[in-house]
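Next up: some structures, all given as structure tokens.
In the two complexes that follow, chain A is the common piece, with chain B as its partner first and chain C second.
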Partner chain A sequence: MLAEIGLASLTLAFALAVYAIAATACGARRSSAGLVLSGRNAALLTFPAALLATSALVGALMTEQYQFAYVYSVTDPQTPALYRFTALWGSQKGSLLLWSLLMSAFTSAAIGLNWRAERRLMPYAIAFMMATLAFFLGLSLFVENPFERWWILPDAPPAEQVVSTALIPPGAIAPTEANLRAGAEGLNPLLRHFGMVIHPPMLYLGFVGFTIPFAFAMSALASGDLSTGWIKATRRWSLIAWICLSIGLILGGRWAYDVLGWGGYWGWDPVENAAFLPWLVGTAFIHSVMIQEKRGMLKLWNMALVIASFSAVMFGAFATRSGVIESVHSFARSEVGFPMLAFWAALTLVALAMLLWRWRQGELRDERQFANLLSRESLFVLNNVVFIALFLAIFWGSFGLPITSELLLGKEVTVGAATFEFYVVPLFIAMYVLMGVAPLSAWGATSLRRLGAALKLPLGLTIASIAAIALSGTGIAVALFGYGVVVFAAYVALIEIYRGAAARRRALGEGWLRAVSALFRRNQRRYGGYIVHLGVTVIGIGVIASTVFQTETQHTLARGEAIAVQDYALRYDDFIRAQAVDGRMMNIAAVTVFRAGGEIARLRPRIDDYPQLPMKIAGAHSTLENDFYVLLMSGDRERATFRIYINPLVNLVWWGGILLVIGTVIAAYPKVAPASAGPKSEAEAT
Partner chain B sequence: MTELSWQKPKHPKKKRSERLKFISAGLLILVAVLYLLISGTLQGARYFITVGELLDEASYLGRTVRISGAVDGESIEYDSEKAIIRFEIVNISNEYEDLATALHEALLDSNAPRLKIVVEDAAIPDLLQHEAQAILTGALGQDGVFAATELLLKCPSRFEESTAPEGLSRIPEHQ
Partner chain C sequence: MSLPRPETQLSCLSKPNPGRSARNACYPLLTLLALFALSAQAWAQTGGVTDNDVIRVAERMYCPVCENIPLDDCETIACVEWKEEIRAQLAAGRSDQAVIDSFVARFGDNVVGVPQDPVLRALTVIMPLLATALAIGVGAFTFRRFGAQPRLTSPSPLGTYESDRESSGKSAGEMTDEALRQRLEDDARGRR
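For the complex of A and B:
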């Protein structure tokens, strides 16, 4: 029954989306309010229909209906309830359905929030959102149907007796429950981690979120309403998409760190990079959009960035899901590759053609010219250049070079992690420098002397900090330089917050806490942005320290034996074999970690024997200072081999991520009632 | 007089000089980014070849390349005390419809080119399994062993959505 409900609601959602495209587009062209309204209602109904389809699949997962080929492939009778639920995004078919559900939810929210204010933009915006949704629903319906069930065709030749189809074939019988339960395959053990519970939906939310700004931008191009309406309608959506993508990327890093057992969190894998690319373009957009709002400039550029971010999302989806890119992450090679490539190419070309058409008509002219190289808008443009250069470098290394070389040389040429680091390190340095300098310059024009005066304090503090770090024993010049660049940006953000609050204190006599809170309420985007900058600097410090100073050693110890690693000692105490509730056997090493003669932690690194593969689960003693990270490589009661990583300041990467999320929430939070009116402080005025 | 006639176009000239600054800065950035991309690519680019191509072409001997092959599970050895992994990979063709089938068939083909791999100072990855696809960066030595400095693995057969599992085809007893 669940299969029939799922299939019917999926078909209904697809039909509604297709109808909504036709109705809103025709309604807009013929100025028919009734048709547009009908299209809008159809678009709103896609959400309950997609929700019903997804609920049917979740129901099948939770109630162990292994006749569903999807349930059979991602769960087994031992799978715990949480992972039974998260198996919804454990493989291609379920995750495509989830993508559609999120897309329909975002569309409904966008219609609900923007219908009244942006009536002119809505019809075409709905048409573009529905086009994307119809594409993904169509993939689920016709290519990767999650409601296919196993059937036996008794009259067919033996090799073709078992089939999985969405509709019941004539004369088919169902496999026995016992056979189904015995054969069910279980969730990929790599996906059984809290990071994987949230990481994929967050990434999908980010990806889907970028569809909304794209749809509004396309609507502005199609309708000719190129005022700032589309920017206002999409500003917050861009931030929501950006924050979800940021969380998704950070959790992906955390998952890699905890599960993949190599002591790192970013491997420059093509699929990781595919998710990072829209983030880079999105970051460029959320900066440059401010220039269009404040100065009426960069209209063409912003439109191009929105198109590029959506195009990067679709390309990332293609790269991840088609299986054409060799990566540890990619889904199995599947038939969605070609349709995805075609959809990506078609939408990108249509968008660029429309952009070119409006540009040639002179409708995207800027209201002002850049007057000064050191003005804030110029520095923002430079910031955009850095993000786009990062985008191009990572795209080139991940996809451009392998594809171009294959076409021109007939041989694939690729680059490794070291080359990506070579590309990105100078660009990230430039990014941090700009993050520090740009907030100190003024809109319109800034003189070198004024900028120099503003730089004195943060630069002085930076030099003092580097000297303090060097005196504490950190002698590696690269690390000192890196710390310097990053803390400079952090000091600027802190000083700006301090200046704003101090101005309020002087003018209104407020206490520090009240002044800071009022400052954030009065200018959420600016000060939320500074918190984001602080988060990025904290991540930067974590990345530098854990990359430059990571140590990695391997030792074999007899039971009771201890080994010194830097100022730590690790003792191998015992070896335990135990069975987990889901039936897997766990080989657990009990170890004790000492520092300065005292015991600081008892860790349990282990190897879990899953039917598909063994998995090493690290034991880690985490402090802000470092992670003492231990992997059990092999062992028995007498001897065991451990790989020990000491990762300095690695936890700052996650803490910085949290700060970044808090800052974005502040910046994107719907405007609260204005705080007590006060004079516009010096900082706020800039 | 002369001064007056020079003062009038002062504003456009300033504008022009600003524009010149923007163009120079833009060109400088473009050159810097291109330099970064080109020099990084020249230093780090590696041919991504098959085991067969590596063994057939003498010019690859000693050169750092990236190769891909099917892991033979029985050949995997791990010296945990010295942290050295040894295993063998078998050639898989560049052109395949389905990676899992290609890996499976490659390991059944006794005539397919094989290559011994050694990876030093490495933790043995969980995904190093029979019929995994190994993507390795390193160089083939005179001894015929490929010394890898980077090892990536992919196990498509283990997590691919099912295609007609044989166990299901048993006709239910009551039928």
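For the complex of A and C:
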């Protein structure tokens, strides 16, 4: 019954989305309010339909209906309830359905929140949102259907007797429950981690979130309403998409650190990079959009960035789902590969064509002149240049070079971390320098003398900090330089907050806490932005320390033997083999960690034996100073081999991520206009 | 080479911390034991090649089966065999680069993270530089457009909200306290 409900509601959602495209587009062309309204209602109904379809699949997962081919492939009778639920996004079919559900939810929310304020933009915006939704629903319905079930065709030749189809074939009988339960494959062990509960949905929220600004931008181009209306409508959507993507990336790093067992959190893997690319363009956009709002500039550029961010999302989805990362041959075998490539290319080309059309008509002309190279808008443009250069370089390393090499030279190549670090490090340095300088510059025009005067204090503090770090024994010049660049940006953010609060204290006699609080309330975006900058600098310090100063060593120890690593010692105490509740066998090493003469931790690194692959789960003693991170590589009761990492300041990566999230929430949180507010304050509050 | 049981070997570590002098006394012993254990362990392995020597080479290589997984982190059968071969080659006196070159010669460019083919290697370096140049070019084009377009008389409808330095053209660093105070007072009264 669940399969029928799921299939029917998925079909209904697809039909509603297709109808909404036609109704809103025709309604806008013919100026028919009735058609537009009908299309809007159809668009709103896609959410309950997609929710019903998703609920049917979740119901099948939770109630162990292994006749569903999807349930059979991602769960087994030992799978705990939490991972039964997260199995929804454990494989392609379920994750595509989740994508559609989130897309329909975002679309409904965008329609609900912007319908009255942006009536002129809404018809085409709905059409573009529904086009994206219809594509993903269509994939679920026609290519990767999660409601396919196993059937036995007794009259067919033996090799063709077992099939999985969405509709019941004539004469088919269902396999026995016992056979299905015995053969169920279970969830990929890599996905059995708490981070996987949140990480993929956050990434998907980020991905689908970028569809909303894209749809409004396309609507502005299609309708010719190229005022700042589309930016007002999508400003917060961009921030929401950006924060979700940021959380997804940070959680992904944490998951890699905990589960993949290599002592790191970012490996420049193409799948990671596919999620990072839209983040880079999105970051460029949320900076440059301020210039259009404040100065009426960069209209063409902002449109291009919105198109690029959506295009990067679609390309990332295509690249990670089609198998093109593995090789172009995998892509050729993939069923979703060609449709996704075609959709990505078609929508990107249509968007670029519309952009060029409006640009050639002179409708994207800026309202103000460029003043000088040191103005804040100029520095923002430079910031955008850095982000776009990062985007292009990472895109080339992740996809461009491997695909070109395989297609043109017939050679498979791997572009590893060393290659990426060679060219992204200088660009990240430039990013941090601009993050420090730009907030000190003024809109419109700034002289070198004025900017130099503003830079004196943060630069002085930076030099003092670097001297202190060097005196404390850190002698590696690269690290000192890196710390300097990052700390400089942090000081600028802190000084700006301090200046604002100090001025309030003098002007209004407020206490520090009240002054800071009022400062953030009055100008959420600016001061929330500074908190985001602080978060990024904290992450930067963590990345530099844990990369440059990481210690890695591997040793085999007899039981009772100890090994010293820096000022730590690790003793191998015991080896235990145990069975977990989900049936997997665990090989657990008991080790004790000592430091400065005292025991500081007892860790249990282990290897979990799954049928698919063994998983090394690290034991870690975490402090703000560092992580003492131990992996059991192999072993038995008498001897065991351990790989030990000491990762200095690695926890700052996660703490910086939390700061970044807090800052973005402050910046994006809806503001309530004060009762006495004038027209401009009201405009800000919208 | 076996060492004494932990109670004997690390007795100074397992006691409650008795004070600074006791700890200091413990360091040389601990270091000595560790060095002894390290060297004994290293010697026991193939030809004096340690696990760390193998890792040093393997972390510059990639799994031949899995996509983008460094060799030293991968535990597939192929990778375990490759690591043993690295150990054997190092034990035979080959340099790190010679070991890597031997794998590249047999299995191709995809066993290392930096393409070895001269054309691909050049593309790896040149294309990001071109990308940066392209981004700078787009930025320069944007600046040029700023300069080329006539200034409109009416400001952007959203051009002044939340503005801080726009009106004065001064940066916070050189803004006087008085100006900053005036701005904040205006802000507090909700007149902005």
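Keep this in mind: the second predicted complex is superposed on the first by the 654 of 686 C-alpha atoms of A that agree within 3 Å, B and C clash if a C-alpha of one lies under 4 Å from a C-alpha of the other, contacts with A are read in each partner's own complex, and residues count from 1 in each chain.
The rule is simple: a residue touches a chain if its C-beta (ideal position, glycine included) is under 8 Å from a C-beta of that chain, and two chains touch if they have at least 3 such contacts.
Worth saying up front: this structure is predicted, and the values here are computed from it rather than measured.
**Q** Sharing chain A, do chain B and chain C clash or fit in the superposition?
**A** clash
**Q** So, A:70: does it touch chain B (first), chain C (second), both, or neither?
**A** first
**Q** Which of the two partners, first being chain B and second being chain C, lies in contact with A:614: first, second, both, or neither?
**A** In the superposed model, A:614 contacts both chain B and chain C.
**Q** Where does A:161 make contact in the superposed view: on chain B (first), on chain C (second), on both, or on neither?
**A** first
**Q** Can A:415 be said to touch chain B (first), chain C (second), both, or neither?
**A** A:415 sits against chain B and chain C alike.
**Q** First (chain B), second (chain C), both or neither: which does A:523 touch?
**A** Touch partner of A:523: chain C, not chain B.
**Q** Which chain makes contact with more of the residues of chain A, chain B or else chain C?
**A** Ranking chain B and chain C by residues of chain A touched puts C first.
**Q** Give one of first, second, both or neither to describe whether A:185 is in contact with chain B, with chain C, with both, or with none.
**A** first
**Q** Tell me the contact category for A:93 with respect to chain B and chain C: first, second, both or neither.
**A** first
**Q** Tell me which partner A:594 touches in the superposition: chain B (first), chain C (second), both or neither.
**A** Second partner only, chain C.
**Q** With the two structures laid over each other on chain A, which partner does A:175 touch: chain B (first), chain C (second), both, or neither?
**A** First partner only.
**Q** Where on chain A do chain B and chain C both make contact?
**A** Touching chain B and chain C on chain A: residues 260-262, 269, 326, 369-370, 373, 378, 382, 385, 389, 392-393, 396-397, 401, 405, 411-419, 422-423, 427, 554, 556, 614, 616, 641, 643.
**Q** Give the list of chain A residues in touch with chain C in this complex.
**A** Counting only chain A, the residues touching chain C are 227-228, 232, 260-262, 267, 269-270, 292-298, 300-301, 325-326, 365-370, 373, 376, 378, 381-382, 384-386, 388-389, 392-393, 396-397, 400-401, 404-405, 409, 411-419, 422-423, 427, 439-446, 450-451, 453-457, 496, 499-500, 503-504, 506-508, 518, 522-523, 525-526, 552-558, 560-564, 569, 571, 573, 592, 594, 596-599, 614, 616, 641, 643, 674, 676-678, 680-681, 683-684.
**Q** Please output the residues of chain C touching chain A within their complex, sorted ascending.
**A** So the residues of chain C in touch with chain A come to 2-6, 9-10, 12-14, 16-17, 22-23, 26-27, 30-31, 33-35, 37-38, 41, 45, 51-52, 55, 60, 62, 67-68, 70, 72-73, 75, 108-115, 117, 119-120, 123-125, 127-129, 131-132, 134-136, 138-139, 142-143, 145-147, 149-152, 154-166, 168-174, 177, 180-181, 183-185, 187-192.
**Q** Touching chain B in the complex: which residues of chain A?
**A** 69-70, 72-73, 91-93, 150, 152, 154, 158, 161-164, 173-176, 179-180, 182-183, 185, 188, 190, 260-262, 269, 323, 326-328, 330, 332-333, 369-373, 378, 382, 385, 389, 392-393, 396-397, 401-402, 405, 411-419, 422-423, 426-427, 554, 556, 612-616, 631, 633-634, 641, 643
**Q** Spell out the residues on chain B that touch chain A in their complex, using ranges where they run on.
**A** Touch list, chain B to chain A: 15, 18, 21-22, 25, 29, 32-33, 36-37, 39-41, 43-49, 66, 68, 78, 80-81, 83, 97-100, 121, 123-127, 129, 133, 135, 137, 150, 152-156, 158-162, 164-173, 175.
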